[in-house]
């Protein structure tokens, strides 16, 4: 089990940033495991992720802020510190189609996703059996004309369970702005098209009608504007005229599983930074 | 050099189509080189391409229509016969960026594209030198406020040169409906995005702003509605936050060359059928 | 539920094959759902798959052989008839890694794989729980110095359960020639490399050492020569120097699942023909 | 035109490397444009590329070594400094197939490859015309029983023209160890297979016989062992049973062009480091 700290930084680009941060960590005997940075020439932003082993680090986590703040202030940094030992608590929302859910649960059990799944919320009963097999509490909350009421119950459950990240694993209800605003950049959705193409309803049907030669899937952070949040990952697969609508849906399922699980992994490993409605993934 | 005939058929699906066509050809001693068909379950259409060697075929091309018409009529066929010995005459339109042009010319010279290029038309002088190297007549027709006039000159050149297919190899002018209607399904364009995403102007800029994780290119037949014609081929390549706008443009060029040259090859080999604003490619 | 017949044909290429088969089916009122053929120019072979709806077909299955044999004999055909209503009985072998097993079981339950799984055989206990969740009999047969004995028990179980196809879903034991010869072209294995590169043991380790830029996976029929049987499907994924050995193993798992499940689906839908130690997949 | 310096470092991994290098550059007012590093856990190596703008840098290039040496010595660094203003001089070797050559020449002319091509050497006359179009001196050096003699002439030309990098753009002769040893990690070859599969002669033929479902191409540094040098880039494309040998060759050409041109670009931009017979590409 890795015992590391991850520092995520975003600030105006200027000389000496890497040197300053590097020196700060080196003086406290950090053993750097991973460091990556990005300079965005359009916005003049500097984005960085640095991860170091805590075993020989000579600064207690509780004192980090006090010691790092002066440097951070001088350089105008927006920063956060995360510990790999604190496993993210992820709540999964699912509707009828449970392939992404099954995929996430399997990956977590096999060690690929280092997080906890304290609850599954669904507007269908379909996934209950699967949830039980993996011994995860399953909450059936139907959504019809009662969206407000349903979201209230959902939010209560999320709070009770101290959920850090919500994953919409083919959850087919649109969340209200009110809900979304409570979890900024902490809700990940998978959309079954190569966004921005075919945003909105029935993307496979529309891809089939349009006659595209590749279909795609996209994982992204949820914002109040439908299918418009920062894209985290995308992938595509080739189709041909021999593929009927059902073949698109079937082939697409493999894409959805892959782009969603990658996004979840990168998020819980604190590898994603966002700016200008885009993401940087330090993988 | 292949001496073959290609029959392209489109008709309502019904029993006995393959048997009927197969028997017709077999009785006249056709040696079938390639046969492929597609049944579209939505529209109930049957689409077929069959190619046979003419060396032992016992029916003269000029008599084909007379003998085939009764069967075609009985089965409600829309059909056309093409001969591989008649090389398609392809006119290329290009503007400033000449990478697709250079690619097409090289492929033709190396034998990959079995067609003739009787002319290149451009609204810039950039490509003249390249045209001369390949000994292809180059026509500089500037387009500013004189589109009508320019198109008139273009159309005259196309007619004079008996052009079968027009290829817009990064030609950055929009053709009028009047022009497009003269060459239905005989104009191929390459658009530098994964359509229907980023149709219209400056697709790489918009892809960059949007933060997509893959960029694409699309070749399609031109219809009067901009970027809306039947898609022939698409491809994508992965990008990351490390790629700046110029990297997108550079990586995209390789996609553009590949999707355009495939479309041209399939067209001149009579491998494409269209229906419901989609294409079937019998490759 | 589709009620169709599938005819798979392999014979020396000659004129009139398609016409002859087409006419035979048409005269008996077959509604052809899918037809595809391949002519191999090297060997002079003709390979065909044709599938038709049985609902209006005017020939009983039990009489098919009698009526079809004269034509088949005239044309020198090697042929077999399969019915979609007869679900293939597939036995899965697995060792410690159960991601391919979990994937196959999920796909079958969700309707993507139209087959039965009457048994799972393993030399480990790891997968028992998963098997029980899907209510499939699980047989633990350890293999150490007792391979002969173990195979005897395995073969007995396969026979008892009338297994049509054996799938080695990351089964890490090498089967004896004696075993393999009992199920010619009826054992599918997944190898975790892009064969023929890295055949044999520890392919990810060797790929990592070699510094390849893509890793792959291959599904193939098992023959007595290790990793040398006809390849059914392959896929690859890009890696970089940032990927350590564990990342290769993790990324490779997704490939393994996809190439194995495709191979199984194509096999049980009777879409694969083999010749010259290669496969043709009529998808 | 970029006026930057690139520092490439390889040394045993230890704490404080990034801090030390960062501070060195910051104190001399470097504006860092790109920095990337890699820690190889197997070998304990640290590899880094850092590029900075020279316009405000307060250390003259000729004094760099003197000032940097003490730090480099303390940290046990293997290092080199390169200037983007010094365009690499690249000599191209080609035989009969000239698609890679045409591709490289076009990319250089269009600004994608920032290098010079002072000469083309070939054992055929095929490419002379193309060389003349791009106004590059073409040297016809036939190779039959006179390899020693031919290599002598080649080496003389390379030396005369101060060639930094040799690119074998489908040059079908095997270079002697003597020759290769003169240009360690300065000869790039493209092999038309996904190495290590199908190393040696006639890879497309062997891929076709084997029935692989994807074909590939590989660019790599040349070492005395044939097709065994560090891999720089690889790519693949899907094929099917419909593809005959000629289709493989044709499809493969696009791969060859792409993997070779990427390798050349990365090399001339000083983005490649090698260790343990592998490459790290800081792109």
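As written, the chain order gives the labels A, B, C and D, with residue 1 at the start of each chain.
Here is the rule we go by: a residue touches a chain if its C-beta (ideal position, glycine included) is under 8 Å from a C-beta of that chain, and two chains touch if they have at least 3 such contacts.
Please read these numbers as outputs of a predicted model, since none were measured by experiment.
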item: Mutual neighbours - chains that touch chain C and chain D alike; value: A, B
item: Chain located farthest away, centre of chain D as origin (C-alpha); value: C
item: For chain B paired with chain C, centre-to-centre distance based on mean C-alpha positions, whole Å; value: 37
item: Centre-of-Cα separation between chain B and chain A, whole angstrom; value: 41
item: Contacts with 2+ other chains: residues of chain A; value: 242
item: Chain D partner contacts - residues on chain B that touch it in the complex; value: 99, 102, 106, 110, 112, 133, 242, 250, 254, 258, 283
item: Of all residues in chain C, those that touch chain D in their complex; value: 38, 40-41, 194-198, 209-214, 216, 230-236, 240-242, 244, 276-281
item: Chain A contact footprint on chain D (complex, rising order); value: 15-16, 18-20, 22-23, 25-26, 29-37, 39, 238
